[in-house]
Amino acid sequence: MVNVGIINVTGYAGAELARLLYTHPEAQLTSVSGRSAAGKPLAEVFPHLACYDLTIGEEIGDVDFVFSALPHAASAEACAPLVRAGVPVVDISADFRLRDPKEYAEWYGGEHPAPDLLSQAAYGLTELNREAVRQSKLIANPGCFPVSALLALAPAVKAGIIGPEIIVDSKSGMSGAGRSLDLKYHFGEADESVSAYGLSGHRHLPEIVQELAAMWPQAEAPPVIDKTVSVWSATDPRAAGAPRVTFTPHLIPMTRGILSTCYAPLTQGALPSGEAAREAVRELYRDSYAGEPFVRVADSPPGTKQTRGSNMCFVYPTVDMRTDRLVVVSVLDNLVKGAAGQAIQNMNAMLGLPETMGLDAPAVYP
Amino acid sequence: MVNVGIINVTGYAGAELARLLYTHPEAQLTSVSGRSAAGKPLAEVFPHLACYDLTIGEEIGDVDFVFSALPHAASAEACAPLVRAGVPVVDISADFRLRDPKEYAEWYGGEHPAPDLLSQAAYGLTELNREAVRQSKLIANPGCFPVSALLALAPAVKAGIIGPEIIVDSKSGMSGAGRSLDLKYHFGEADESVSAYGLSGHRHLPEIVQELAAMWPQAEAPPVIDKTVSVWSATDPRAAGAPRVTFTPHLIPMTRGILSTCYAPLTQGALPSGEAAREAVRELYRDSYAGEPFVRVADSPPGTKQTRGSNMCFVYPTVDMRTDRLVVVSVLDNLVKGAAGQAIQNMNAMLGLPETMGLDAPAVYP
Amino acid sequence: MVNVGIINVTGYAGAELARLLYTHPEAQLTSVSGRSAAGKPLAEVFPHLACYDLTIGEEIGDVDFVFSALPHAASAEACAPLVRAGVPVVDISADFRLRDPKEYAEWYGGEHPAPDLLSQAAYGLTELNREAVRQSKLIANPGCFPVSALLALAPAVKAGIIGPEIIVDSKSGMSGAGRSLDLKYHFGEADESVSAYGLSGHRHLPEIVQELAAMWPQAEAPPVIDKTVSVWSATDPRAAGAPRVTFTPHLIPMTRGILSTCYAPLTQGALPSGEAAREAVRELYRDSYAGEPFVRVADSPPGTKQTRGSNMCFVYPTVDMRTDRLVVVSVLDNLVKGAAGQAIQNMNAMLGLPETMGLDAPAVYP
Amino acid sequence: MVNVGIINVTGYAGAELARLLYTHPEAQLTSVSGRSAAGKPLAEVFPHLACYDLTIGEEIGDVDFVFSALPHAASAEACAPLVRAGVPVVDISADFRLRDPKEYAEWYGGEHPAPDLLSQAAYGLTELNREAVRQSKLIANPGCFPVSALLALAPAVKAGIIGPEIIVDSKSGMSGAGRSLDLKYHFGEADESVSAYGLSGHRHLPEIVQELAAMWPQAEAPPVIDKTVSVWSATDPRAAGAPRVTFTPHLIPMTRGILSTCYAPLTQGALPSGEAAREAVRELYRDSYAGEPFVRVADSPPGTKQTRGSNMCFVYPTVDMRTDRLVVVSVLDNLVKGAAGQAIQNMNAMLGLPETMGLDAPAVYP
């Protein structure tokens, strides 16, 4: 049994980790922290976690494995000593996602608290980076939107069938904003309404661009990111060959779920013409995700509800033949595959356990 | 491993059984039926159940244990031959809940299809009828509203602290109405609206009355139901001593969840006066449900969301001291503790397994 | 044209007043105040009110008629000088609802800021108190729950057909809690959940009891409230003959709307027996509300959505013949008939205008 | 007073027309039809319309002005004799929107019922086609998605600042699908879920393309639609110069509202660089819609709720400077500006009344 700790259990990602870990056969949650609620029983803050007999501490105790669900900056500060002490860590914050500390400073507004650890961190989108995850002791758990965008686009990018003019239009439930109070998330304001946000640049954009650039085929776009000397910003798409991504998130009146609709021009001649293009794309996606337990190529456009509470991501690729564009729709639960479930999948991979362990419960539908 | 079949998997209760059974360590779902969808893969009808490689049949195959999620009447007809052949059955329909076939005919509008089996059936509210459940091969799984009302009222009734003038005001999510199409459940009509229904008599009323009457203290109300010769209707509260229940269900714009608010006059002198009354009632409830894994006496008024997807029922008893009334609020997930989870709890009890087996996942909150 | 001002336009009741007044043919909104947003254009705080070219002030300017949408205590303080200066005022806060300042102090936790004005105030449930409203310059606009409970119960109380053991079980949308930030109203917490609150005593209870007591038939319950010397609390139902009300509000995952389900025992012999009782009750209600433009006796159980955005209240009375209880369901929009619409109806009555003026738009359905 | 009739009042668009007409000062609804509900009082089918004393007929009676809310094909059949008899008609169906009957046949699956009337019909997006609307007796009321897309894109297209590679990603509430029963709109299925649909081609696409092509600057794209001899399909974007539009609608768990997010590449050099580009675009939009009462250029990203129940459309244009793309977000109420309100605006224009008449009520927020 692996003894696990959660730093900052009091947000939605932390609570979701606790929920999922409760039925994990090889891991047990033995320590949780959270400053504002320190001293309270976990069951008082979250009655649905009354199955645990744990008190929230100022700090977590001695454990074998740590998840950090702190906000950015605070998270790197808390994780750094653990990583240096050899404790395996999955960081759910954004702190170790961007490889270039200049990018981090630009988007997160401050010096990176532990730039020396960046080279040790693996980007934890397991399906796309499995070997690195298995060998790393520090995982940068991906952002919820990047998971949905990257799983939607990766097969097409790697196969070289799309050009770099990419649009990612995402729709997210309210839990993505966390538990903090703001008029935007007040029921009376948010219910029965949809709105766009982050129009001048959302922090998940550079993460999407960085990962797409890294998987872009050499011939089409020569390696654009020099990992050690960042001569250009991953988010400056004027750099030759880099994907030029517009990313617009929208707030939807539901609690959980992300649907991303991704658009990109097809490379001329990359696919057969007519109806065959659609089947060819579906075939490509099915091949790419064959054997992946948590990614399923859907036969019809999926709804976010089909993934609610589960670690599944459904991907539906198709072709708009009138405009020769690839359109891919992906759905997932932002708190599971977009956060806590992905984190446990990473833990499983790091510990040599089957990736599905503790994550096999079907979605709670309807 | 017990091989399990679900008759009529295509409704919400059937699908929920399949969801919960997937992670049950000692049972495996091997056969599912459903006429309208016969021949289709289960994963096509319910994409969230893509984890199963099962095709929906006209009939279920040879299994060790059967759940029936058919509508009433059809269910008794399907269950009867299985019961007679010795196959253990949990019937989720209403067919074996009312002990008196005249009551059944009155409320369900037709002769009972298998009245001879009524005496073999145990009412499957495990917490209140555990021994009978363990010894029976045919379980009448209780209605969703009766579970919430009976768990809310049982400790007070058994302790003799309330009189028979009872009001049960229930609020239910839409999934309680099943998957059938009706303008009432159309999103545009149901969203952002609350309404009452069943005001001239809901079918769960006689079930609530029957079970309350059966547990009513002898001194207050001598046994009122002659099981073999029904000399009076369990729902005719003018029969001496029987509880006089008004039950009003309401349709709430949410998918899952029932909250029942139950009101009854306190028997004079049964409780200490003032604030102490509240604490005495809470003590009584905590004692009554001590050791029950699925009923928790809440410290503050609970929300249905705390039970979403789980088999928990939270009960919050208090006293309105201005009027000397007991007020008890209970919450549960109508598809789990109110249907499929309760059914699996019964299966566990029948098979001598721990009741919590396969049912220990915390609620999916938020 | 009457020039109207709204004190504290920045809450939901204030904004709803502004919305409704925009199409009023005889009144125009010329001044709005609201301290936190003082100096901002109204259109910035509420984009849906961009039709107005008004700036929010620290105080309202010189107007002919004032609505106060301040919180209690602050409201009485702001209204008192206006009332003394002869400006007609409708106070949407609770400050002038309870006639007994001791009651006020008990429930609102402080001395009444202007007890001398209590005798001048009329309780502004126009349908039940029309003459007083017409002749008063200070209206205590009723609470949203009391409107729904009193319109549901008044005909039965006045006709003497029910006894005093009353239960009011109310379901309210989130806007009833106003625009203040609290985890309870955070979308992720409130969505897909129902919960009860105010179980130890909600502030609308004494208001309901006071008004029911005042209309209670003499023979049944001699006048129980001495308006000048409050010898007993209106909320102490042990006072002889007073209605003994339990009131439980519930929070529903919708923005607008209140549904109240009211239960009371029928006085023996007051109604014919059998099905005729139902028709007799409906007849009584139709007669009571004949000619009332804003109260409609529904032919089937109504949903709150049928009143959304409008000043209508639908009332559906019936009889539970198994238990000889009256059950009345009422629905309304808590921000309109439960607040701003009721306030404008009162203004119309005070100014000698038709009560429906500016309030005749049908509900926004669906 | 103009006597108005509504053909097929029983759907959401028909009922919304009735709602809005009730407070119109110069028009009165005197006749409504609807086959399935013929013979029933309007108030029985729609309790919120109890203000009307109208019975639904098989056919409408003799009126001065007709709105048809029938489904396509049936609508043209019903409108044709009226138009030929000189009765002014606003057709809310799609029948007169596409100018080319071949396009109609391709997208709506049948011969056009009255192709001879196509040349008389004006496309009724009043802001963009005011003169034609004023002079026509037959208005093709635009589709809800096209209204949102065209108002979002028109200023940029007309100013020649964008290229033809356009993506319209729309999010719609459930009422857009009408009142018909389908599992997709069942509350339990639709609530807490988002999904894309129409991925192989939605019927509103050719309408968007046709109108964009018609306003495309000559130099950039020579007139591409020969109205009399349709030598190419307006939806075949391979035709030189035509806008190449991908349109993806999404179903959102709310009742009313459409938000469209529109993306297009900026023409090089069309705008100043850097932050000035954003301000230049906003200036362009403000100028374009100056004086338009129902289109407002928002200062911050708008939510659909700000338009609920009103005829307003909020447009928010911005520039993604990293990719030189125009991004425009528009919001409206699909049943008002997207259907019934737009129809009344057209009626007002046709009758020489102020366009805002009867349409000036602010949105019902929250």
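Remarks
First chain written, first letter: the chains are A, B, C and D, and each begins at residue 1.
Quick note on the criterion: contacts are C-beta pairs under 8 Å (C-beta built on N, C-alpha and C of every residue); 3 or more make two chains touch, one makes a residue touch a chain.
Since the structure is predicted, the reported quantities are computational estimates derived from the model, not experimental observations.
For the interfaces A-D and A-B, the C-beta contact count is higher for A-D. In this assembly, the chain whose C-alpha centre lies farthest from chain B is D.
A separation of 48 Å divides the Cα centre of chain B from that of chain D.
Rounded to whole angstrom, the centroid-to-centroid distance between chain A and chain D, based on C-alpha atoms, equals 37 Å. Taking each chain's centre as the average of its CA atoms, chain A and chain B sit 39 Å apart. Residue positions of chain C touching 2 or more other chains: 12, 173, 175, 188-189, 191-192, 253-256, 302, 305-306, 308, 366. Taken in their complex, chain D has these residues touching chain B: 12, 173-175, 179, 181-183, 185-192, 253-255. Taken together, the chain D residues at the contact with chain A in this complex read 165, 167, 169, 171, 173, 188-189, 191-197, 199-201, 235-237, 244-246, 248, 250, 252-257, 259, 261, 263, 265, 301-306, 308, 316, 318, 320, 322-323, 325, 327, 329, 331, 366. Taken together, the chain D residues at the contact with chain C in this complex read 12, 15, 18-19, 22-23, 44, 46-51, 175, 191-192, 255-256, 296, 298-299, 302, 305-310, 312, 314, 360-366.
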